[in-house]
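Before any comments, here is the structure.
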Amino acid sequence: MAEDQTLIEIKDLCKYFQLSRRRVLKAVDGVNLRIKKGEVLGVVGESGCGKTTLGRMTLNLLTPTSGGVIYDGINLLELSREKMRRMRRHMQIVFQDPYSSLNPRMTIGNILAIPMGIQGLYEGMRKERVMYLLDRVGLSGQAINRFPHEYSGGQLQRIGIARALAVDPAFIVADEPVSALDISIQSQVLNLFKELQEEFHLTCLFIAHDLSVVEFISDRIAVLYLGKIVEMASSKKLYRSHLHPYTQHLLSAIMLPDPTIEKRKPAFSLTGEPSSPINPPPGCRFYSRCSIRKDACKIEAPELVEVEPEHFVACFAVK
Amino acid sequence: MDKAILADSVSGKDNRKKDEILSPSKLAWQTFKKQKLGIIGSLMVLFLIFIALFGDFISPYDPLQMHTKDSLQGPSAKYWLGTDRFGRDQLSRLINGTRISIIVSFGSMFLAAAAGVIIGLVSGYYGGRIDSIIMRLLDVVFAFPMLLLALIMVAILGPNLRNVLFAIAFTQHARFARIVRGSVLSVKEKEYIEGIRSVGAKNRIIISQFILPNVISPIIIQATWGLSIAIMYEAALSFLGMGTQPPMPSWGLMLNESRRFMEIAPWLTIFPGLSIVFAVLGFNLMGDALRDALDPRLAQR
Amino acid sequence: MRWIRGWPSGSDLYRKEVVLMNQTEKPILKVSDLKTYFFTGEGVTKAVDGVSFEVKKGEVLGVVGESGCGKSVTALSILQLVASPPGRIVGGKVELMGKDLLSLNAREMQRIRGQKISMIFQDPLTCLNPVLRVGYQLAEVFYYHKKLEWKKSLAEAARMLKVTDIPSPEERVKNFPHEMSGGMRQRSMIAMALACEPELLIADEPSTALDVTVQAQVLELMKALCRAGETAVLLITHDMGVIANMCDRVAVMYAGRIVEFTDVFTLFSNPAHPYTKGLLHSLPRLGATRNRLESIEGQPPQLNQLPSGCAFRPRCKYAVLRCDDEMPDATTICDGHEIRCFNPVNGARNG
């Protein structure tokens, strides 16, 4: 990457949900991230880790409880409604479920053209741009007059990607874009995504629960556990040296498509109960399940520390 | 880019003509067409509408004209469905009454649907306090037995056709509002709404182009059922003397006037009664078929 | 009941020996040329079109394929749970230890389900009764199938939960399904399914809806319990990693037919069918550095509009002329390795 400029900066982002007077759900609890221009940052974690909430907050589709989202130097949370509306053309989202992410009563052509209309782009050339987008994602131009129910999941996801690209954004949040697709289609869509990201030099926040998918598409990966980042490193490095106990567990739990490895693995064991994101105790979130925990871990939550160049871990036991 | 991946539509609709637009509405129509009972119901309704529009040209006599010499005559060649105690031709009165029934039923349903949609959209989309207030107000409306409520309204406003229309619309609008609100709540959570919001769309566009088209189906179904309810209420109100006033020939009124003569002139009761049954049946059959056409289809995709 | 916990997977290093040993024994389940079609207004959907396989005692047979390939319908057909109408088993045989299941009446079939053959599904929330406590539902199994007294049934239920490693089982017995996490619900389902020590457990995507770490735990449990009770498993999934970890032999399904059938090691190292090869190569692999994935072109077929000839033809890189006209029969390449293909990868032929 020639430019080393940061496009998105997430500062101490928190999202707390007040469930009742005394119960607070801390979905995202103090996340700090920096994404460079043209970089793909993968966010991986299991259900309840807060990755979807994090993705939505990055686009200001969900208002954070505290913290800042800074896009190209501008804090999105301080913008007026009108200014935020105009900023939206620079940041788009691709959703997980292809069947519910497109308006079933609208033609594909309109689905792609209306975002341009709302942002006032490509006046007079909208139809051409729609045709171009459709071609770019591998669909025939006849789609303009067709409706979402006539297409399969993989095709709908391509349309979803085209829709996100319609307003020519610089930043895309992809929220589990291939999880709902068949395996043979996943690879098609992943290839397409990578192609487009490289061609348009898109900055991307790629959220998924499948580490192999995230590793394929991302430059850097952040591992999320119960609202906090526990480890962050480049994709290659994370696979080779995963230092946080949770990351290690995650990787050992993954079943690889290789019986010569799988059949020789020791039995997977993860002791203890996951701690709840509701009124979490002070100290490390992974304490209840950690095999190398110490007393200090119960009292204070560890911060993300750079233990190697470009490799961050939030664990007292890792130096 | 692999040419083989250039994907065209995969739905099994290759028997459609080239460039034919297969919108969800058209799909629903295709399903609807297949239901035999629904077609029968629709034909019945169309028949009634036809009579309502062109009744004046078909009725053999003026419905208000009294042929006192021929009063209380049974069905004959001269008067196909007989005459009432004033010698008015029943057939002509029934035909004319059809217009009233159609006007009241369609009019009140349209009004109720329009009001219900607006209220439901606002309540469901904006939520919060507005939603709570509106729902509590609707609860008040629901608390009344519907016929009683209509009766009270007509009693207050004065018994005539226009007020009957308003009263029936008022009793039904709460149901529409609640249905629309429920639909809006579920559509609001769909990802495509979030998607259009992420482009910076204003609420106006979201509601009109994204939410409204997706909540229309249950309204249409409810409206067709409401049509039959409206006909029955109009008949009931007129029967009680609170609806159309004599000498206007409404079916309910005809039923009312026939009460005294049920034993000697049963045809005065039977035919208006059958007309009501015919209309209600037609609306219900059509409504059932519409429900089958609109709901599962869209849910499947 | 001998429930041995903590059975180390290291000891199933090379179950090929086990598999070969069982070759001579009679199979627990034998499915021959099973055909299940769905008759709808839009034509006939041949969901399962001539599927044959055997499950040996104690083995784990994997059935892998993508959505619409017919793997779930195959499982439902074995237990005659296919919604009928519009579905119907139109041909073939299903034999449980020699007994033809398709000839049984509804009552006899009911006795088979839960006792001889159990099934667990993907979403335990829809399979557990939401208004009954979990302990009650578990106890029902003992009460009806094993004819135990109710009090004893409840005690057995609590013990089963303990065996499945659910923390604080005495409290969990009183829980409703929605009060449990997905992993715990799935464990309860496994407990219910294995309560009567069935000969065969059919697991339809048991871990798809679970997190990775939970999936590993649940599958580990299933493996241990089935191994201890000598229960054979028919494991249906779309996840190749699960297949690699759990299964002894694998059947790959496409468009209602088995296109490849072999032991798990051969499947991954020497896939013969172009579809299997394509699937394996299109998976993103941890640790691999690739710029693009090798994807299979095209879309999975519509089952009511299958092309003439081989169903995979439109997407196949190795297709020859013959593939357009005929659907290939199952042929044996070598010991225990069957495929349906006129032009297998690496030119492997009958050998």
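Per-chain residue numbering starts at 1, and chain names A, B and C are given in the order in which the chains are listed.
We take it that a contact is a pair of C-beta atoms (placed from the backbone, for glycine too) under 8 Å apart; a residue touches a chain by one contact, two chains touch by 3 or more.
Here the structure is a predicted model, which is why all the values come from computation and not from measurement.
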| item | value |
| --- | --- |
| Any chain in contact with chain B as well as chain C | A |
| Selected interface, A-C versus A-B, where C-beta contact pairs are more numerous | A-C |
| Chain B and chain C: spacing of chain centres that average the CA atoms, whole Å | 51 |
| Inter-chain centre distance, chain A versus chain B - centres from mean C-alpha coordinates, in Å | 48 |
| Chain A and chain C: spacing of chain centres that average the CA atoms, whole Å | 32 |
| Chain B, residues touching no fewer than two other chains | 2, 5, 7, 10 |
| Chain C residues counted as touching two or more neighbouring chains | 297, 299 |
| Residues within chain A bordering two or more other chains | 152, 154-155, 188 |
| Residue ranges of chain C touching chain A (in the complex, touch as defined) | 6-10, 12-15, 66-67, 167, 211-217, 219-220, 238-245, 264-265, 268-269, 278-280, 282-287, 289-297, 299-300 |
| In the complex with chain C, residue positions of chain A that touch it | 46-47, 152, 154-155, 182-188, 190-191, 194-195, 209, 211-213, 215-216, 236, 239-240, 249-270, 273 |
| Sites on chain B touched by chain A in the complex | 1-2, 5-11, 13, 19, 21-24, 27, 190-192, 194-202, 205, 209-210, 213-214, 298, 301 |
| Chain B contact footprint on chain A (complex, rising order) | 59, 61, 84-86, 88-89, 91-93, 95-97, 99-107, 114-115, 118-119, 138-140, 142-143, 145-152, 154-155, 158, 160, 163, 167, 188 |
